[in-house]
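Multiple structures follow.
Two complexes come next, and they have one chain in common, subunit A, joined by subunit B in the first and subunit C in the second.
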Partner chain A sequence: MAESLVLIEHDRQQVKRSSLHAITLAQQLGGEYELLVIGHVVNKISSSLVSLGATSVIVADDPALAEPLADRYATVIAEAVRKSGAKNILGTSSTFSKDILPRAAALLDAPMVTDVVAIEQMDGSISYRRPINAGSMFAKVKVEGERRVLTVRAAAFETPAANAAPCPIVRFDVDAESLPNGMRFISREERKSDRPDLTEARVVVSGGRPLKDKETFERLVGGLADALGGAIGATRAAVDAGMAPNDYQIGQTGKVVAPELYIALGISGAIQHLAGIKDSRIIVAINKDPDAPICQTATYFLVGDLYQIVPQLIESIRRA
Partner chain B sequence: MTDINNATREVFGNIAPWMRVVFFIMIAASIAVLVWQVVSRAWLWQKGRQGGFERDWRVWVQRLAVYAAAQKRVHKKTLGALLHLLLFSGFVVLTIGTTLLAIADDGPYYFHHGWYYLIYELTMDIFGVAFIVGCLLAMYRRAFKRKPSLGHNRSDWWLLGVLLSLGITGFAVEALRLHYTQVQPGLARWSIVGWLIEVNLLRGIDVATAQTMHLAAWWGHAILVAVFFATIPVDRFLHVITGPLNIAGRPERPMGTLVPLNMEEVEQTGRTGVHRLADFNRQQLLSLDSCMECGRCEDACPATATGKPLSPKAVVIDLRNLMSIGGEDVHRTIRDETLWACTMCQACVQECPVLIGHVDLISDMRRDLIGQGKLSGPPAKALQQIASQSNPYGRSNAERLAWAEGLEVPTAESNPSFEYLLWVGCAASFDPRAQKVARATVQLLKNAGVNFAVLGKEETCTGDPARRIGDEFLFQQRAHTNVDTLTRRNVKKIVTPCPHCYNTLKNEYPQFGGQYEVQHHSTLLAELVEVGRLSNSGSNGDPITLHDPCYLARVNGEVDATRAVVGATNDPQYREMPRCGKKTFCCGAGGGRMWFEEAPSQRVSVLRSQEALATGARTLATACPFCLNMMTDGMAGTQGGENVKVLDIAEVLLSRQTRASR
Partner chain C sequence: MKILVPFKSVPDPNDATFAGEAASASKSVINPFDEIAIEEALRIRERGEATEIVGVTIGAPSVDEQIRAALAMGVDRAIRIDDARALDPYAVARILRAVVEKEAPHVVIMGKQAVDDDSNQVGQILAGLLGWPQATFVSSIEFLDNKTRARCTRETDAGLEVVELDLPAIITTDLRLNEPRYVSLPGLIRARRKPIEVLTCDQVGVNVRPLTTVLAVARPPKRPAGTRVESVEELITKLKQEAKVI
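Presenting the complex of A and B:
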């Protein structure tokens, strides 16, 4: 009987690498572990998982599971757990797992600990370390009961080695009729992007209102990001103006980034935006207003017209 | 010649003694219904926590004079205000007059004759007309000019119908009485309306018929009076009783001050704030019944104006309905998003004619949400950072003086004999835009030779955002820490460029033993200009307008100093926005909203920017770092606003120093 069951996230083409980090926690917890893949036509995905040291890869493959509807996925997870008898149900912190795992925990009547960054032995049992108070403190949490649902912060655990002997792939039969039907899939919007994930990128180039429109934004901010192999960010104003999609927003009400290099194009530096970049290592700001408040925060502040400077910058980086 | 001294009227002349008995029984019964209904409401109020009422009778008298008798909050240039004045004055005068008549008739001394009687008749007729006109205007307004914020039920037509019928039958009774008692024209003219009816309509009717008609009209009028008494507690008419009660009973306290939670009580009950209706105090429950749904709070509310799910009126009415049906859990009727939408700008509180404390109601329910851990996202993070880093921005408090680099700002340590403590505030310490305001303020104080110091890293958040959001524990923790620091540094006078720090230091720290002479930087700068220690060279010719911060202007009444600093009085290019001074409009940042996510269409700052732009101003001056942040953002996002400079008054004044010294 497996000790742990790890939920694997994928985008129907391939495995999301970050979701493999939860496997490392399963290894640290000890005992055997199984991987669970849910979806439709996921053969390629499941076969890419066989050498990660699991006892088996469980595959729930059914047309009814083609889209990640939380009520159905949670039911499948709960059934798989009951069948395998796993004590730990693991996933990596993401919107996918935030949507699905709490429901599974409820169905299993199990406690849940999110954002685990480490485990420790305490008084003969395991305690989980998780950040609280916006990361300024850590809490050690102990849970009661037989089973528990855990999510991990990907950055806190290594990617597991993929050098084990191949394990079997086990089909998990799903009775589509018995699955809940409370949610309906309407549509999926995907951004095809080769750029790295905003919160994990080493370089982030981001733009503000002076970029004017979507095309200019893509040409200058996107162009510079591509030249540097970085990700794209935007201010709230740029997002409001429709220059960039919502998930590019950086700041108090958006994402928080901490790259090695942050390049701010036409960003004045409202405190709400700075809240999202203050832990960046080097901040370069290009702005035509020498009094822009961001000059207080920037490591390097270049006064000038970004319409002239940025194309030159892209050009010279490309040539180098 | 008419004999004026003998001029008088009959009172119950046409009414047989048995009819009088029936009349008195009927009136007594209707009053009994009235009392019973009011007592049944009072029964609901007393389910609340004990206390909450103002105890000083002098405050009651003063408030009743100003807000009940003189109706200070009702007066406005609107149809609603006019018709209320007519209805109210008519109602009061007619009630007093009828009571006087009863006293004269039943009392030992009959004074109802002579000149007194004639003036009485004239007065009653004039106010009778006012009353009827008021009724008709009210009907017209409800039928054709009803603003969306005005509460309306079918029963309102019934109420107005009763009032109008009372007025009409009153005059009918008067005219018929004049006719059948054959009053001489010289005296009858004083009862002007009745006399006109008599002259024009009743001349052909014989005395006996008139007497019968009078009896019928009299009974009609009497029954309506009885119906009216019994109707008072129904619906919005109840405010004639509950309004004055709430006006007198609301506790006296500066507008921007929230009531501290008593920690011992919290330990005993385990409750923070209001979860069940009975967690409100009795005065608050009474206040729910004093609302007559005039909608003025809603008209003034920035949350309502930007389409957020909050109307202060709806909060009051929803709670009242909950009370009526015997409900308990306030969150069943008031959604969390409604409570979070409030900017605590106090505009509703300022408008309410019967002194309802909407912000206190909302604050009490927010405290419960915080107690239940219902807040998440950026505002929760701001609270966590106030707790962990002593400022809502999550910066290290050791960097608190970064803004002062190169300015050689004296600290309480380096200059212990300072006169003024400059309380910088978190925004001006950490927000790069507001840091410039701190620098400008310091430069001005230095130019003027003011002996001041800052606390540096000993300064921490006053706790204002925590208290407004509902985290009273965190606020009290901050307050105690800061009061300790200020006492240790022997601070007497404080000046601060932040209206929120100003309000909290001035009005809320006394609750925790901190008594200081607190000034907003506008008043100190205005004084320094006044005595000539700073120059004000006048404007550069650009049209300029001023956005009054709520917690400076509305809440603390300070509107002159900001204008003096920007030189409003002698600048022909100075423009005033429609909503200005104490009647200013929020920027959207108050009540912790600074840290909430808002859809672009719901930003108050955009509405306010449009208002400022409409004045033609090229410079928008303000006096609050949060207003500065919000209005900069609002202007940037508004068509035509890109070129408007948003500045603090200290920056405006500093620019005028430089020009003068050049």
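Presenting the complex of A and C:
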């Protein structure tokens, strides 16, 4: 019987790399673990997961599961957990897992801990550390009950090694007729970008309201990101002003990033934004206000006019 | 159509003490995401699609101030579940289920997360407990087919997604759904006459205890203060030689 079951996220083509980080928590918790893939025509995705040290890759493949509708996915997860007997149901924090896993927790009558960044084992009991109040504080919590659902912050757990002997892929039969039927997928609007994924990029360049408009944002933030081979992020204010799309938003209610290098252009550093960047190794702030809170968090800050500094910076990096 | 809007009282995220151990001592406000939910309910009523908006919150009498604020925005009446315990999403969702069963709304609209606890769970758990469809992180809502269905746009990590839900359903709000209105003076005066029903968990027939215990709360380690550089050249030198990141 597996101790943990890890929900794997994919985009119908391939596995979302950050979703593998939850496997590392399964390893820390100890015991055997299984991976669960839900979707339709996911053979390639499932076979990419066999070397991650799991006892098996469980695959629920059905046309009724082609799109990630929370009511159906939660039902499948709950059934898979009951069958496997897993005590820990894990996923990496994302809009996918945050949508589906609490619902699965409801079906399993289990408590849930969101955004785990570390665990502590003491006298046979486990406590979980998680950020609260926009990451300005950490809470250490414990949960009761036979089972628990946990999501992890990707930045807090490494990618697991993929060098284990291949495990079996086990088909999980789904009775499509019995699945909930109250939600329908209509459409999806996703931009394909040549830039790296924001949550996995080594370098992230991010812009705030002073970037003025979409074109300036793209020219300065996009230009610097491209010079460094990085991804683009934005503050809530920049997204609200229409300079950048919603999925660029970094912070308490957007994405959490932890790149090697984070460059903040025209960002004052509200705690809601800092919540999403604190674990970056090096933070550079370029800002006209030396008293902006971001200068307290940044590793290096340069005070001045973005419109002069950023083109110079792009030029110097390209020359180097 | 009847809309139920659950809301939470939280420390003011714009207050300087929010980011510290004394957060719970700072001024309380309606959770900003729940305020967006209230605003959306008001707009739905203003375009003639809803007849009643019921607010519900859980807490001690001290949260009455936030209840009055919700009533002043335009919520018709409110329920306070009188429970001063430190509740977790597990318990909150089970209390709300009892309220939903009592009120039988056509739709529940609530914030996607509370800005203090940041769990992002209650709406989804509530939907799971009720077996209702759900749309989370929603940035637009439209009712279709004589209000038997809702079409919602969701903000996801990859962009936007549109789903349709059969009603009754649970909808959780994201930031860009709307901008909540300010409370007006006439609104405040009207709010004084609006009813607040106070009920215990017993009275709504729910017996639940939280399964999560907070053992300790601490500040994360502070990042060392930043070094100011004076030029692009100096910045590049630091990034190359000191940080070794480019």
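The definition used in the following text is that the second predicted complex is superposed on the first by the 204 of 320 C-alpha atoms of A that agree within 3 Å, B and C clash if a C-alpha of one lies under 4 Å from a C-alpha of the other, contacts with A are read in each partner's own complex, and residues count from 1 in each chain.
In this section, contacts are C-beta pairs under 8 Å (C-beta built on N, C-alpha and C of every residue); 3 or more make two chains touch, one makes a residue touch a chain.
Since the structure is predicted, the reported quantities are computational estimates derived from the model, not experimental observations.
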item	value
Subunit B versus subunit C as contact partner of A:Ala237, first or second or both or neither	first
Subunit B versus subunit C, judged by how many residues of subunit A each one touches	C
First (subunit B), second (subunit C), both or neither touched by A:Thr253	both
First (subunit B), second (subunit C), both or neither touched by A:Leu261	second
Partner chain(s) touched by A:Lys278 [first = subunit B, second = subunit C, both, neither]	both
Touched partner set for A:Ala165, first subunit B, second subunit C, both or neither	neither
Contacts of A:Gly269 with subunit B and subunit C, given as first, second, both or neither	first
Contact residues of subunit A, present in both the subunit B and the subunit C interface	132-134, 136-137, 240, 252-253, 271-272, 278, 295-297
Subunit A residues touching subunit B - in the complex, by the definition given at the top	132-134, 136-137, 209, 237, 240-241, 252-253, 268-272, 274-275, 278, 291, 293-297
Residue ranges of subunit C touching subunit A (in the complex, touch as defined)	11, 13, 18-21, 23, 33, 88-90, 93, 112-113, 115-129, 131-137, 139, 151, 154-166, 169, 174-176, 211-220, 223-233, 235-236, 238-240, 243, 245-246
Subunit A residues touching subunit C - in the complex, by the definition given at the top	11, 69-71, 74, 94-96, 98-107, 111-115, 127, 131-145, 180, 182-191, 199, 203, 228, 236, 239-240, 245-247, 252-253, 255, 260-261, 271-272, 278, 281-285, 290, 295-303, 309, 312-313, 316-317, 320
Footprint of subunit A on subunit B - complex, ascending	377-378, 381, 384-385, 387-389, 393-395, 402-403, 427, 430-436, 595-597, 600, 629, 632-633, 636-637
